[in-house]
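Structures are listed in the sections that come next.
Two complexes follow with chain A in common, the first pairing it with chain B and the second with chain C.
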Partner chain A sequence: MQVIAPAGTARGAPAIAAAAPTGRFGLERILLGLGVALLLLLVGYPLLWLLLGALGLPQSIGLEHLARAFTRPQNYAALVNTLELALGTGLMSVAIGVPLAWATARSDMPLRQLVHVLVALSYITPPYLTALAYIILFGPDAGQFNRLLRALFGLTSGPINVFSMSGVIFVIGIHVFAFTYFLTYTALKAVDASLEESAQMLGAKRWQTVLRINLPLVAPAITGGTLLSAIDSLALFGPQAIIGTPAQIVFLPTRIYATIGSYPPRWGEASALSLLLVALTVAGLALQRGYLEQRSYVTVGGRGVRTRRLEHGLWRWPLTGFCLSVVFFSAVAPIGVLTLTAFSNSWIEPLSASNITLAHFQAALFTDQVSVRGIINSFKLATAAAAVAVALGAIVAYLDLRTTLWGRRLLDYLAILPLGLPGTVMAVGILLAFIRFPLPIYGTIWILLAAYVARFVPLATRSANASFRQIDPALEEAGRITGASWWLTMRRVLFPLARPGLLVAFLLVFIPAFSELSATILLYAGGTETIAIAIYRLNDLGQLEVVSALAVFTIGVVLSLALLVNWLSGSSWASGETPIRG
Partner chain B sequence: MDFIEVAGIGKTFGTFQALDAVDLSVEEREFITLLGPSGCGKTTMLRTLAGFLTPDAGTIHVAGQLFSSPTAVLPPERRRMGMVFQNYAVWPHMSVFDNVAFGLQINNVGRSAISERVSRMLAAVGLEGLERRHPSQLSGGQQQRVALARSLVVEPAILLLDEPLSNLDAKLRERMRAELKTLQRQLGITFIYVTHDQAEAMALSDRIIVFNKGRVQQVGTPRQVYERPANLFVADFMGVVNKLPGVLIEHRGAEGHVRIGQQTIAARLGDGLSAADRAIVIAIRPEAIGLGPGAARDRANVLKGRLIDSAFLGNIVDHQVDVDGTLVRVQGDRLQSVEPGAEIELSIPIAECVAMRGDLPEHHEPEQDRS
Partner chain C sequence: MPIARRSMIKGVVASCAVTLLRRQAKAQAAGPEDAAQIDLEKAKAEGKVVLYTSLDTQIVDAINAPFTQKYGIAVQYFRGGSSDVTSKVLAEADAGRPQADVVDASDLAALLLMKERKLLKPFKSAAAAAVASNLRDPDSTWITDRLTQAVIQYNSKELGSAPPKTWADLGKAALNGRLVYFSSANGDGAPRIYTLAKHLGWDVVKAMAATKPLRVQTPQIITQVLERGERIAGFLQNDNIAWRSKRQGKPTDYLFPAEGVPTEIGACGLLASSPRPHAAALYHEWWMGPEGQALLVKGGKYSSRTDVAPPEGSTPLSELKLLMLDYAEYKRDKTKILDQIADIFGGEWGN
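Entry: the complex of A and B
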């Protein structure tokens, strides 16, 4: 490159070099290019293989797998069961999510803060642990509640069998209703009191105001939340397998698992079933998006919305009772029973001083080989997956927000896409892509890393995007014009400012990756078991006490990290509320 | 060749043409202002000068070196320019000292030299003693001083300023204006200043470049662009102007006779007016009009009208006068009062009546307003 001292610049300053061609390969292009390549490899390539696999590749090409996916009676039954599950959980989420949201957002009910926190707790508890807890609570013979009910009412058997369709719907429903709850809660909070007061000034009674003002305003949020609940329930392999499989009720994810696990594995059929599951999810998400777009008129107020709590008089008490029983079943009972079981010599025996032990924790954390390996692998994998996902997410967000590169929107879409894909589907794609040349990493821990990054990169991307969006680009431009290179500006200006947001992104990936089950179950091998696999396998062996100890440990880790996220998000820079300016 | 030579620069965003064949030249140590309404291309021009944008056409040379062309762009960090941003862009995670020292640190200036130069610079912008403060503890005006110090401490050849005073309140803005001007004179740095505020532009600049719709409308000293606007857009943008539609009935040299309603006046012919133009507009500044026949000293026109209303504004009185159906604004003396409804005569020096083409120069309609 030509370096010539410019004329007219006094003070013996360093020389200004002449303009360099714009098309050169600087560090900026290399780093961003690597990120794009990795994203295409981890998300685009497996999805491509899902399509190819459904067409029978690489063995043959044709439509017979797709045809078989729809005609085999077992597959048909799985589809019907899955739809029934979605419908059931959807209805259940409205029935409990909406009253709870009203109670915490707008009523003067006591303990509403506690209810709100417990809903959040039931949401962050991995649903397969809730399922395990319900086996302990409502197992047909030995279930704690069943024994209690038999003793109370003098029954000889039952009365409740969790291993049933209603059992699956209930266990999944008390997890996914949180979507309906949170969306409705937010919408109710966004309705400015003046809208209600205007109606009242015109002579509307309170019930008329609720019916004609509040309900229409939050209806899109309720519908959107319900669809989201239903869609999420489709993908929850854990409870479907843990409760459905013993009851011989098959859903699409468990059917896909069985198809892959059969000998020889029927990959073509698994891909075709995955596409079916994707179709259901995409249809649901498209509907949900449509409803949520109508939501715009609720959030008109934006900042400074004033809401009034309505006095419910004596109605407060039945409302409180209802809310407390919901969170009792969704959070208190399952976590409570897992904790009790983890500390009991035998979970069948009643709790007493002689029945308390730490042996199960010792087994879970120190002696049981699969369990210990699972804990170590889960920590390693979640850390690595979070780091890679944050790097990828940051690159995608940077390209989207700071460049005018062609195709950056497409890239952003690709990075968000896995959010709508069930873990089982993602795993089938990853399996087909990485079982063969050029990257045969199946059977190693790397395939789990690939799956976690692919599954959770959307969380990191959205978080990094929100974080960068708050940072005025002029702060980086000021760095460049002051003489810092692109990389130096990244290191000294963008990264330090985005650090709180990127840390949140890291945790948001770490948390679900740490307890991931639905993709792991298809991809793990001897030696690469994770916590979720250890729990799943120990449950199969009937070691419920050790499982419970491991479950309590998992919930403890997840809960502490979730609290950390909450605390970090509350601090100014990561909250998404205060833009970072000079 | 001048210090900065911009030749034929064009820039398009999607279908919006932000810059269209812009030529301009700036001398060393000049204070030059790019002035225009939002979306006129002034900020795009500044960002192209800084190297943040690659032009679609044209070249930028600084001191004889090629800085920008569609195929080659010298990155911002190697242009030896400074830039002050509208929202200050002071780094919130660094102290005042670290903000200012940044440019010196990355150029490997020695520790003691850094602290000496930073202190000197902070003193120059009136921030002594605030080295350890963080930007969140500073007022808007102080933050803008940090931004100034940060960009000036590395002794740039050129300082770019993008509406640096627009976020400050009116009083502070006027004070900072004066300080900026003094600083520029002291340091002898070329300032390229972007603003939409014509008063600010006139107060600060050696020369003003008026932009509209991506094109340069006029280049000149503040007095030139105010008194001899190249077209009706410039006349309008530089301040309040009366626009009286008329017909050019004859012209001799630099002057002509124009019929306005029932009356005929003599007018100076504006630049760019061709012999074929008949339907024209007479542009007259309200402060150039005197109330009463003897109010003007020079050769003057006299227009008859009727006073509609007057508003007392303190230093002046703003009169609305009906001249054959056209409302004319007159800025009068506060000591002189006229009753509404009175028939009055307005006297206007011929040199202050400028005949111009009535249509604004049309190039391209932007689809949306953006800057």
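Entry: the complex of A and C
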């Protein structure tokens, strides 16, 4: 499973001997050393502070914060709700992800390409925007769907209330089910048709083939996807806050936010709760990896796989209906309603010629102070974070693949670790680490850059690793043998060859950094607002039309870049190389 | 691995050097101690002023525009709930990285806490003469800028003829599932709930909570929910938001219950660590002066200045029974009070 497996587990090319020393202060050593130091500073140091903070440092030292975190009823409720959310979204991801994957991977259903693309679209849409859309759609009484249902059935109040636990599970579920979908899809595509044919020749009925051949083969992918969906749902601060707060439901990330956001901030309790969230995530990931390792039925050899589409006859039509309604709710309806709202004078009025306006786009993109600043900051931050993360990722990958230095595996692990850490947790660690000596950058834009690099460096590392691995070290050796310096070899041989891969790595960091919310909300200050903050704050003030315009803009940017990634890497969405977000 | 160790040492040395330089640069000039000492040229030279406020952005924008026009000094502001504003000020103080010059919050307890932590700078405002002595700090670190009354706002189409007139009316079973109120996850709605409970008893509050009211993040969203008819009445709504909605011709109205109206004291002050002390003092005097306060009133707020009239068409405060909060007590018992409110209403209160 690519999404979380550290790149250091399965080595392809054996590491070649470290290049001949070029003097104690050679450029190679300085560059690599700087990369290592930066990674330790941005990932290791904040994690250390999370532990210190939970012990009450720097004010005091003791176990009272940990004790308090685990004994207060509010925190207990947050833990129970968070587990319920994870369980609910996990089950939901199986219920819709698996049938959809079957339909697009193996059936002769019409429109299967469209369904596949729309699942990808729902995945790249930042989930807090989906949450906002669902308030417009299913707000208890005034939501568009509820008004429709009220008008149709003559009800006095809307029958569906998004502000509930099932509302939160639904809104997060239609985002995270993509994990289960993509993993199952890939696994189904890898099942060789000859296995199914053998079963049928031996007299198995089709349902028996599915149950006895296909299901066992794809079960690890389904379980892995389900666990990943559940783990991702734990971390999604945005929808938890936007829907959970009005619903009076507290989750661990929103609880952590409130312990720091109310005054005076309670750092110790926030750190202790963060550790609890880390423990949940780590347990989930360990379970997922352990399960995958035990139950991997490898059927794929080196040769290509021949898959067969099964004919479903009349069953195609209910299947199509189901698939279309899933992607309608996960992508079409939320993005559609945000677009309609962005162009309406008032979202509550029906769309008509007199109700169409561009004023909200004007406000979002040109006049609103916070919004305009947010757009500029997000572009700057995402660009800088992507550049730094790619440089770091390239260094880690280089050390890992091209040298035999001691500790390189550990470094690789450190560079992959943040992938499993919720944004809220990273933010608490970074806040505690960089609020004081020796690097007090809290309150400046640098702390956001640090957070984005730390959060998204795994995406760059994995990408760089994959890209370097495709390049034969012999090419670099040839460069060195003919007398080129290390740096010249890098510049003339490795970088040009790795450029397309590194560009993909850049975009893979840029996309989630551009719309990051869960860490930003704890770290921004006046003047360093980002797009996500503008959206969150304007929503607080009830300016839903301007929020929608900003949302449409954000989705537009993210979607264009995602298409670019797809085109550059020449792979389908199913590669698993999908950006994470929170 | 000698290389990494070596460059790590280098990095640490470099970052220490940067920090020391920053620390030196941060030693601030004290700036003026009273309004008469404000040096206009120095203020202009500082170029901008940074305000942290919990006031509605529409009013903040209205106050800032003429200030910038008059003095050529840009106003950059951070707007959030009172808790957001306060926790940012405290965190930045912890970091030794003050960003704000002027702070304003609708929760006096927040300013009392900042004063206790020595974050506020004593400054004798010219506005002191126009503000009642119980509404300003004897040590001049804060001064009340506005008074926000918590009202009942309702949809006039649904309840036009017979709106609920008292807080007790709102606790009746007929309003089950029809009410709305606000609080951020950080408990910004708590002071007014506590004020009501303190004066009228917790039973009134518990009865309202028993109707299962919809909770929204901010007063601005209460009014939207009512305008859309999603809920029919809102409790403890900001008077200025209710006033604005009614004046804009939206189908809402509001009233001040006869049992008494919780009043929230919003106050402002200068930060001791202000990076731009002259511009800050100048802005403070604009904000508190007759012109700034008139703009505040135009946005529907009641000014703390006795020489500024209440918002057009509003009941003068002297005709209302105002329920006040002992903010020192609230600051002291905050965790306990929030626990109590969270027990009654459920959800997140930042406790």
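Note that the second predicted complex is superposed on the first by the 539 of 582 C-alpha atoms of A that agree within 3 Å, B and C clash if a C-alpha of one lies under 4 Å from a C-alpha of the other, contacts with A are read in each partner's own complex, and residues count from 1 in each chain.
Everything below uses one rule, namely that a residue touches a chain if its C-beta (ideal position, glycine included) is under 8 Å from a C-beta of that chain, and two chains touch if they have at least 3 such contacts.
Note that the coordinates shown come from a computational prediction; the quantities given were computed from them, not determined experimentally.
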item	value
Touching partner for A:V250 - first (chain B), second (chain C), both, neither	second
Touching partner for A:G483 - first (chain B), second (chain C), both, neither	first
Chain A residues touched - chain C or chain B, whichever exceeds	C
Touching partner for A:D472 - first (chain B), second (chain C), both, neither	first
Partner chain(s) touched by A:V94 [first = chain B, second = chain C, both, neither]	neither
Touched partner set for A:A230, first chain B, second chain C, both or neither	neither
Contacts of A:L277 with chain B and chain C, given as first, second, both or neither	neither
Touching partner for A:I395 - first (chain B), second (chain C), both, neither	neither
In the complex, chain B residues that touch chain A	3, 28, 50-52, 54, 62-69, 71-83, 85-93, 102-103, 106-107, 135, 143, 147, 150-151, 154-155, 157, 160
Touch list for chain A against partner chain C, complex	29-30, 32-34, 36-38, 40-41, 74, 139-142, 157, 163, 241, 245-250, 254-255, 257-265, 348, 369-370, 405-407, 431, 435-444, 525-527, 537, 540-542, 544
Interfacial residue positions of chain C with respect to chain A in the complex	1, 3-8, 11-12, 15-16, 18-19, 22, 50, 52, 56-57, 61, 76-81, 83-84, 86-88, 90-92, 94-100, 110, 113, 177, 184-187, 214-218, 220-221, 223-225, 228-231, 338, 342, 345-351
Complex contacts: residues of chain A adjacent to chain B	4, 6-9, 11, 13-14, 16-23, 472, 474-475, 477-486, 488, 492-493, 496-497, 580-582
